[in-house]
Structure formats: C-alpha cells, structure tokens
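As written, the chain order gives the labels A, B, C and D, with residue 1 at the start of each chain.
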Amino acid sequence: MTAKIAILGASGYTGAELVRIIASHPHMEVAALAADRKAGMEMRDVFPHLATLDLPRLVKIDQIDFSAIDMCFCALPHVTSQQVIPSLPEGLKVVDLSADFRLRDPGAYEKWYGQPHQAVELQKEAVYGLTEFYRDEIRNARFVAGTGCNAATGLFSLVPLFSKGLIAPEGVILDMKVGVSGAGRALKENLLHAELSEGWMPYAAGGKHRHLGEFDQEFSKAAGREIRVQFTPTLIPANRGILSAAYVQGDAAAIHAALSDTYQGEPFVHVLSFGQVPSTRSVRGSNMVQLGVAAERDQGRATVFAALDNLTKGSSGQAVQNANLMLGFDETEGLMMAPLFP
Amino acid sequence: MTAKIAILGASGYTGAELVRIIASHPHMEVAALAADRKAGMEMRDVFPHLATLDLPRLVKIDQIDFSAIDMCFCALPHVTSQQVIPSLPEGLKVVDLSADFRLRDPGAYEKWYGQPHQAVELQKEAVYGLTEFYRDEIRNARFVAGTGCNAATGLFSLVPLFSKGLIAPEGVILDMKVGVSGAGRALKENLLHAELSEGWMPYAAGGKHRHLGEFDQEFSKAAGREIRVQFTPTLIPANRGILSAAYVQGDAAAIHAALSDTYQGEPFVHVLSFGQVPSTRSVRGSNMVQLGVAAERDQGRATVFAALDNLTKGSSGQAVQNANLMLGFDETEGLMMAPLFP
Amino acid sequence: MTAKIAILGASGYTGAELVRIIASHPHMEVAALAADRKAGMEMRDVFPHLATLDLPRLVKIDQIDFSAIDMCFCALPHVTSQQVIPSLPEGLKVVDLSADFRLRDPGAYEKWYGQPHQAVELQKEAVYGLTEFYRDEIRNARFVAGTGCNAATGLFSLVPLFSKGLIAPEGVILDMKVGVSGAGRALKENLLHAELSEGWMPYAAGGKHRHLGEFDQEFSKAAGREIRVQFTPTLIPANRGILSAAYVQGDAAAIHAALSDTYQGEPFVHVLSFGQVPSTRSVRGSNMVQLGVAAERDQGRATVFAALDNLTKGSSGQAVQNANLMLGFDETEGLMMAPLFP
Amino acid sequence: MTAKIAILGASGYTGAELVRIIASHPHMEVAALAADRKAGMEMRDVFPHLATLDLPRLVKIDQIDFSAIDMCFCALPHVTSQQVIPSLPEGLKVVDLSADFRLRDPGAYEKWYGQPHQAVELQKEAVYGLTEFYRDEIRNARFVAGTGCNAATGLFSLVPLFSKGLIAPEGVILDMKVGVSGAGRALKENLLHAELSEGWMPYAAGGKHRHLGEFDQEFSKAAGREIRVQFTPTLIPANRGILSAAYVQGDAAAIHAALSDTYQGEPFVHVLSFGQVPSTRSVRGSNMVQLGVAAERDQGRATVFAALDNLTKGSSGQAVQNANLMLGFDETEGLMMAPLFP
C-alpha cells in the first residue's frame, strides 16, 4: 500500500523536510501540497533543491480533494492550525506540526500563547506526538500534535528521570544551543547571515520561551507533581541541530543506567557511553537523538546532554514516525537515513 | 542479491560518505572496512555520526577475506592506491576514488603528480568513472577510476559542448568555488575553522591544479583536438559543494539546447531553464548535478554554471553509481535521496 | 580641528561602519545621525555593538542643523540619495555612498538603474570616489560619489593595465566571490543564514549587475576606447569581503610590474609577490586592498586577484579616506587599523 | 614616550592579536617578535593579514636584546612559559598570557595541569590579571599573569555577587558557548572547518576544564569561603567570542543593581538594561564586556549573561590593558576601538 499524503503549509522548512523524507519513503507519496500565499507555484520555484522530484503544484487548502488523502501533515503557522484543522473532513488522519494542540490545558495555552484557544474540543482529541512515550496512543490516534523541537530535546533527556524519581524536582536547568532553521523561513533581522554568523546570543531568556508550557505539562505528568524547570535557548550560527545540557541533581551513574534502560531497543534514541557527549554533527539530517551523561565534580550533580536535528527528529521526522504508526507501517519506515557529515 | 562491499580507506570523508550511502542501499552491505592507522578501532570512534549503524570493525587491508567481497571501493590516498590495488585478488571488482588511475597517459600522470606511475599496466585497464559518458564501458568494467570532484563538475558543463563543437576551443576559463570537505580530513592550517571562516582565497592558481590533467584528457578527447582550459578554484567557508562557472565563447541558446538534449533522461543531471543559475544548496547530500546557462551581454559569449556535492556526485555517490552498473543493479539504486536543505 | 560629521542613513551597515571608523578618528566627531524610519531611536537599539559609544540620537534629515556640520556622509538607499542631496545646503561637503552619482552619463544611469536620473545637474559636479585615481579632484571636491564595492575591487585590479595597454581590450572576465554584508541589512530570503550557509550561487549572471556601468565608464576612460568586460558575482556564506579574479590576456610579469609600480607608495594598496594570492581574511575590517598576479600555463594569459573588505575600502573606509582629503586631513587618518583575524 | 614591546610566541592567535592592537597604540611599538619554530620568518608569512605593518623578523627568544625592551608579552604555550619567564632579565616587565602563573596555590596548579609547577617562587610574584579587580596591584606589578578567557567571562559575571553575598554559594552553573579561536592555531581534527561548521558539542564536560582552577581561586576569595561552581563550555562554529550564562540563586534586581554599581565608570564593562541580553557580535574585536541579567520565572533565581571577545578582552586586549597600567599609560590607551560588525 502507498499512502497518499497531503502537506498543508508546504512552503516552510518543515514542509520541505517532510517532502525530503517522503521522497525516500517506500509507502508514502506526496499527493497534495498547499501553501496559501504561494498557491499556483511549482514547488521547485519555492524550494529549488526539490526540483528533481515529481511533485504536485502548490494549491490552496480548499482545492485539495481530501477523499483521496490518507494522511494530512499540517505544517502551518501557529494559530492558523487551529483555524484550519477543525474544517478538515472528519476522520482524516492528521499530524499537526504547529504548537496549537500540544498543551492539554486551554489555560496553559492562553498563558503561553497570549490568546484563548479557538478549538478547545479538538484539542481534547490530540495525542502528544512524543513517539517513544505515547506510542500506543499514537498508533490508535486520528490526530497527533507534534512536539516542539526544543521540547523534544529536553523531554528525551529528562522524562525517564522524573518518572523514576532519579533527579531532584527543583532547580533543573535546560540550556540549549539551537540552529537557526528552527525559527523557520521568516524574514527577521536576527536571522540574517550577517547578523547571526559570528554573533550568538540567548533569546526568550528569563523563562519566556513557549516550549516551557510543554516542559511543565510533560515533566509534571512524568513526576506526578508539579515541575517547573528553567530553560534558556541560545541561537547559534548554524542551520540544523539542537544541543541541550540539562543540569540536574541526581546520581550520574544511576541516571545513565536509567536512560540506557529506557531507550534500549529504541531505533532512534542512542545513549552514548557514560561520560561521552553528543554533537549535532552526529545527527544532522537523521531522525536520531543522541544522549550523553557526565558526572559533575560535586557528588550528586550530573549533566544530561542531548542532540537532535530540529527539522527531523524535532519536527518532520517525528511527524513521519507518528504517521507510520497511525497508518500501520513499520515505525522506522523511510527514517533510517544516516546523518550527513560533514 | 545483496552485494558484499569492502571499503579501503574508510577513515576519510569519502569513506564515511560511502558508508552513509550504502546504509540506505537496498542491495549493498558493508562487509569490510579497512584503515591502516586506525585498524582495530570501531567506526563509531572514527565517525561518531555512524554510531548507530551496524558496521564491522576497522581492519588492515590484508586482514580482509576478499573471496567474500563483491565490490571493493578504494578511498585511499593518492599513490597508496597504486600500491594497494595491484595486490588485490585478480577479478575483484574495484572502484577507485583516488587520483591514481584517472589519467591514461603515464606521462601526463608524471607531469601532474610529480612522480612516475607505479602500476602502468593496471592503468590501461581502468575505465574513467564519469558515468554519463562511459556508461557502457563501466557496465562491463572490472576496474573503474572515479573522477576528480572538480573534474566532474567541469566535465558535465563542457564535454557535450566540445563534442559538438559549440564552443571555441581556446580561452575557456573554469572558475570554481569549492567547499572544504574536498580537501579531506587532513590536519592543515588552512582547513581550520578559524582560518577559513570569513577567509576565502584561491589555491593552485596559475594552472597548477592537478585536475587540469583530467580536463586536458577528456576535453581533448571530446573535441578531437588538444584542448587546454584555465582552471582556478577558490576555497569557500562551507563544507560541501562545488559551484563552477565556465566562461566560453559560443551561442548561449545553442549551448543550453545541447546540454538539455544531452542530459535529457539522465537521472542525476538536471539542466535548469535558460538563464537560471544553480546553487550548492540544491544538491547537498544528493547525487544530483545542476547545470545552468546564461548569455553574456556580448553576443557569442556564454557562461555555463554547474553545482554538485563534491562528496556525493563528485566522489562517493559517483562511485556507487558506477558500482551499481558493474554489479548489474539499477544505476540509481540507493542514490535517489533528496538534497538536504537547509 | 575636529570635523563635525553627519551621517544620513545611519541605520544600515555602511552607516554603522562609518560610525565604527569615525569612533577612532582623531579629527572627526559624529555630530548628527539620521535614519528616517528609525528617527527617535538611540543608535544602541539599532546597532547594539555601538552601545558604548557616545552618539547622538537618530533624527530625521530635516531635523539636522547643517550649519554646524563640516562633512555629510550619505549612506542612503539608491534613488533616495538623488532626492535628498539636492536639498542639502549649498556648499556642504558631501560624500555619497549610494550608486546615484557614480555614472557620469545620464543615459548609462537610466540603462543600469531602470529610470531617469532625477538630479542630472548635481551629477555633473560629482567626483568619482576611487581615491587612488582621482586624488587631486577629490581634494578639491565639494561632492564625491563613492564607488560600488565590486567596482572598486575590479578597478584596482585593471585600471592601470587598461591605462598602459598591457591587456587585450576584449574578453576580460571578472569573477567575484562576495560576502553578504554588501547586500545590506535588507530582509530578503536569500540573505537568511539558513539559505546562505552551505549554499552559494551566482547572482545577476549574464551581464546584469549594475556595477558593470562603473566598469564600462572607468575602464573605457582608462583605455581610451570602449571597454566592456564580463562580470559575475557569487554570493558566499560569509559576512565581509570581496575576492576577485580578473582573467586577462597579457604578460603576467609585465602586469605584476605595472601594478607594483602604480601602487608603490599607496598606503592602502598592497601588491603581493608574483604568484601569491590574496585572501579576504587579510583585509577584514581594514582599509587595505590586496592584489596578486598569477601567470596561467598558456603564455599570454594571466589572472589578477584582488581582495578588499566591501564595507571598509569598498565603501565606508573609502568614504572616510575621501573625506580626509576634502577636509585637508592626512589621507590615512583614522584608517590604519590592522585587519581583524581570525 | 613610546614603549618598546617584545612578544614571545608571536606565531599564535594571541600573538597576532597583540600585534593588531599595538599597531594602533599611540605609545607602544613592536620591537621584537619571537617564535621558536618559525624564527627567521617574516611575520607576513606567518600572518598574511599583518603584511602591511612594519614589523621585525621573527627570532628566537635568546636573540632578543631585552635591555632595549620596556614590556614583554609572553604568548607562549603552557609549561613553556614556566621555563622561559624565569630566565628573562630581572626587572623586565612581563605580562604572561599563558595559564602558567594564574593559580596561586602550587597544589591547585598540579591538580589542574597534571604536573608540578616548575617556577614556584616566580608564581608568588605574579599578580592575577583581571584588571577591574586588581588594578592597584597591577599598576605596581612587574609580572602579571593574564586570566583564562573563559575565566574572565565568568569572573566578570559573578565576582561582585559573591563578594556582596548576593547569590547562594552552591549550585552555581556556568554554561559557556565559545568560539574556536580560543583553542589556538593548533592542528586538531575537531578544529577543522568541516568538523565544526554545523557541528557543535560540549567539551571538558563534567568539571574537567582547567579554568575551574581560576574560578575556585577567585570566587572563593571573593566569597570568603570555598566556592565550587559547575562549568561546561560548548565549542561553537564561529571564530571569536564567548557567551556565558551563569545560573544563580539570588534576587535578579539586586544582582543587576550590584553589577551596575560595580562597573559604573568602568570603560570596558557595560551592564545592559535589566532583562536585556548580550551578544558576541556586540563585542567582536573590541575590549568590551557586555553583561545582562534576567529574572527567571521562579522567584529567587536569576541568570547573568556575559559576552566578550576571547582574543581581545579575554586575552590580548586584557594584556595590553594591564601593560598600560604597568607602564603608566592611560588604561584605555589603544583599546577603544569599536567592535567589528557585521
């Protein structure tokens, strides 16, 4: 069987990444591509690197015949997703890559995103797309809400540790170094090459980053009590990748053992030997997460490092992984490409 | 059938790129990896990005049981190839990625490489690995010598034009902007990040680059007369890619038509619309070549642009393409991955 | 004496570079900064790297009291310059950094810029700002039009050769590799880090770049006959610098001798030893030009390489150099800072 | 008065940066340059960007006539400094840029550097070169030991806070993102452009970085009790700059007030408005430090950010600042150059 795929919001980086992955997927085929402002254009004019693929022309969403679609990826901007997804045919399988349906609590949504949620009922149906922890729900889901890319990076590092009570619930600090593609193809001054190259700086400092909403939700759920971590991202002069350091109080060896145990057999999560540290260059373009644990010199303190590609495991690769489950395919189908280095 | 693959010189960038490609190849399997100085190490310690692949340990060449090998890729340094390949079992299929067997004329070899060739007899057997122009010979070959990465870029641009007499034989200038991975993993000062980032400069200026030997050989063959072009590469602060501008005298429209015609149906060579220019970001990590033609304002002058990924189409992807032919596989098997962008 | 300086268009990169240079200039002081859309802002909010300088607040042009200004730098966008400069007080010394007053022939202006010139009379007064060749006119000028950054790079390479008849007038090709800051702080997709890093491509290919107007004008004047060169720039993933290769027919040794002779004693033009090639990293942040000459293997062909920093010698440094002359200061005042490397 | 300067170890990046700074210093003149392995070479062959400066030829240290030298900068590798400096003429003013004389306690030195100190007596004389905190001692010193570049970044952030007891003594975490020039011009695989570009990773994780010795010493001294912080650096694909996040427990507003107060009037330390964050691009090539403070969402937690240029304020600029004091010059002489951006 080949599943017919629609991608809404195909003119952004996560849209292009979905196309890249699906192009090598043995059981998926791009059947429709939508991008409102670029409707009518050929994909090769929006993304010249996709010029040699045989792809449908970009259309408006309402021009898609969804009866012929098996899976719909929504790579639309935040808020737009809330407006579009409720209008899609009932029963259509959907993986949303936006932030709109990640937070279960409408109050939390409003707090982090500054406005009331417009599709509260639909939100109740959404399964959180962190595959390794919601595999069964996802397999049976009609609608999955993909995680934030930073959120995924932190969750892989710490969910098993909060679950097992291996780290102190307070004082956890997540410091992430993130490549620029996570900010999308937006025309913003700080994303210009001349501004970013040789210039790195924190953003959303002081607990302002919206992915904190996901951390609060998932860490609290894992720990069975309210957890509030600190999170500071730094924008790095590079395109793909997130490198995270999670500073925790806990026994480093026990932490390493717990992560190794949790992810044993996981095809996309690789725990390095104790003391080894991950690098973004080891995951670029792949669906892999690398985790490493180092003991700090003060007993009872450890650092958990994680690296993943924000566009792949952090977004579009994760989406395909979830879609594989929802469509009854092997979870790894189309996702075992090796990283690109150098 | 799954072909058992040996890679000699697996600790360099072209070796790693072979492993990356073969990891997704449906009919190839890495059976042996050799790297003299790193024999005994695991590949994951040499290339952490390959850590999640199931790969054999690095060994010395003489530890490989070649009777179980269907195809041997030699990614050894120049000169070493000459010494190693003659000692391999007779009949073993070999694709060499070094410069050692590209030049048919031992005199030309000595001129460009500064020393007499040590395996002149074997050289006679080597088929030049520019697949699109030597497809039949390669299909029947036991031993193929891969092209230089810059050479390939220039040859795709100009061989059809010299063949058809569409450009003046004199005054052709090739100006290439090349990423740093083409220089390999060597520890040289000019390859350091601190030297190269924000610092670009020509090298081998004044007709000194060794790939001129390949240009002389192949362009002269195509034109049926001696051709000597100029070639100046510039090292660019980037990792992967070659962008070439070939300045020629000829009719731009006729040139574009001839290239379009020549490469019609070629799976890996894409001729852009007249006036469009290629970019390295459109080919990164893929086996594609992009060609573009622009008319200059003075009638009778045109520029032919080309872009490819030096590690893929310029080297390891080309090698797998040739190996596919030599092993009776579909030529595109394992090579249709889309480019990685951004 | 300290000259009071006004900078119009202070919110762009050339404006910021003027401020950087003037900050260390012993005889200049920034007295007024104008930027229409950002009027009212502090410079530190537009350019945080200038936060520790004591600078006036940004204002609108008509808020400046020009009676207190000794020199006005116009770093405004093209076309805007034509509208603003005629309205400045008569007699005010002005150095324009835009393209508006570089071309003496209104017809050439219209051809390259696509619209009639709006200040033809003022254009007649403008002295072309290539200091090393117009020093005397500049010293006595009220109004100087700075050169294009690519134009400067090519002119330093070839003007002496055309003047002395050392190169064939036809078939000259200029291939330039340019950093992204030359495109300014504009919000364009191709200037985003994610697009440019690892992605380089030609632009304005096929004789479309506007600096060709300057080449035509200055080369023809130098040669005493009409000269039309080819020029292709490639946008490089780096911030500052232009590296140019000029492919010419002529005797390389004679060319090197002529350049060495011409620039002997010039404080900002450094001719490398014969065969050596320049690098952008040797000029970054400085007002220096580096020139190198290589003989090609075919007798009678040579390549002239040049490197300069587009924001300094190619624009704002050149402007200060000219202003020094116009104000009666030593030409090198404030401009002898060494390059920043790495 | 013009001070005659000798630079030992002039072939490294800190040596080149000293030359760059001194080239614009009104009261210093490079009188001697030593580099053992490159003795006999011209500086322009070691650092082409310095080609246009009038510099002495590189010699061996024992070829220098120190009787004509007013100030000697030692930019030698660690350990070598210990061997060379004791042999210099008594009374010669020396600023050492190596790690050899930073730690007052020989036991601490042995612990962090893995071998006994070879010049324990001389160590006693060394003044720690953090100018803003040791200004009086430095003014009267004969021998100053420059700080580590990461050390300086962390010390500027936290010394006033430990001094005033504004932060909890335990659990302080320093997470730094550092450019590659801090690793010097060494030929190491991880410093290659192809490895580092698009590949960032932590190093010396788990409390192994030697600058922890400086943190322990200086923070403990400031706090009046033993302080042991955590410190994790991440190598970033960029050349110049350190960006530090210090995660502390304390009142953010009080912290901001204390830093503002401490550095009021300091020419090289700029405290941003509360909530603003620094960027490396605001300090590149300058002697400035930028500090910023953000309140975390959990009361009682704050983050102190700092940015400086590792080669300037973190090393060679700091060295000149100290030398200015030792020679009786104005502390800011030659150091007020504005940052280079973009």
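Rule of thumb we're sticking to: a contact is a pair of C-beta atoms (placed from the backbone, for glycine too) under 8 Å apart; a residue touches a chain by one contact, two chains touch by 3 or more.
On a predicted model such as this, the values are computed, not experimentally measured, just so you know.
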item	value
Number of steps on the shortest touching-chain route linking chain B and chain D	1
Between A-C and B-C, the pair with more C-beta contacts	B-C
Farthest chain (mean CA position) relative to chain C	A
Separation of chain A from chain B, taking each centre as the mean of its C-alpha atoms, in whole Å	36
Distance between the centres, which are taken as Cα means, of chain C and chain B, whole angstrom	39
Between chain C and chain A, distance of the C-alpha-averaged centres to the nearest whole Å	45
For chain B, residues contacting two or more additional chains	13, 181, 194-195, 197-198, 237-240, 279, 281-282, 284, 341-342
Residue numbers on chain B that touch chain D, as the complex places them	13, 180-181, 185, 187-189, 191-198, 237-239
Chain A - residues contacting chain D, complex	171, 173, 175, 177, 179, 194-195, 197-203, 205-207, 212, 228, 230, 232, 234, 236-241, 243, 245, 247, 275, 277-282, 284, 292, 294-298, 301, 303, 305, 307, 341-342
Residues of chain B defined as touching chain A within the complex	13, 16, 19-20, 23-24, 47-53, 181, 197-198, 239-240, 270, 272, 279, 281-286, 288, 290, 311, 336-342
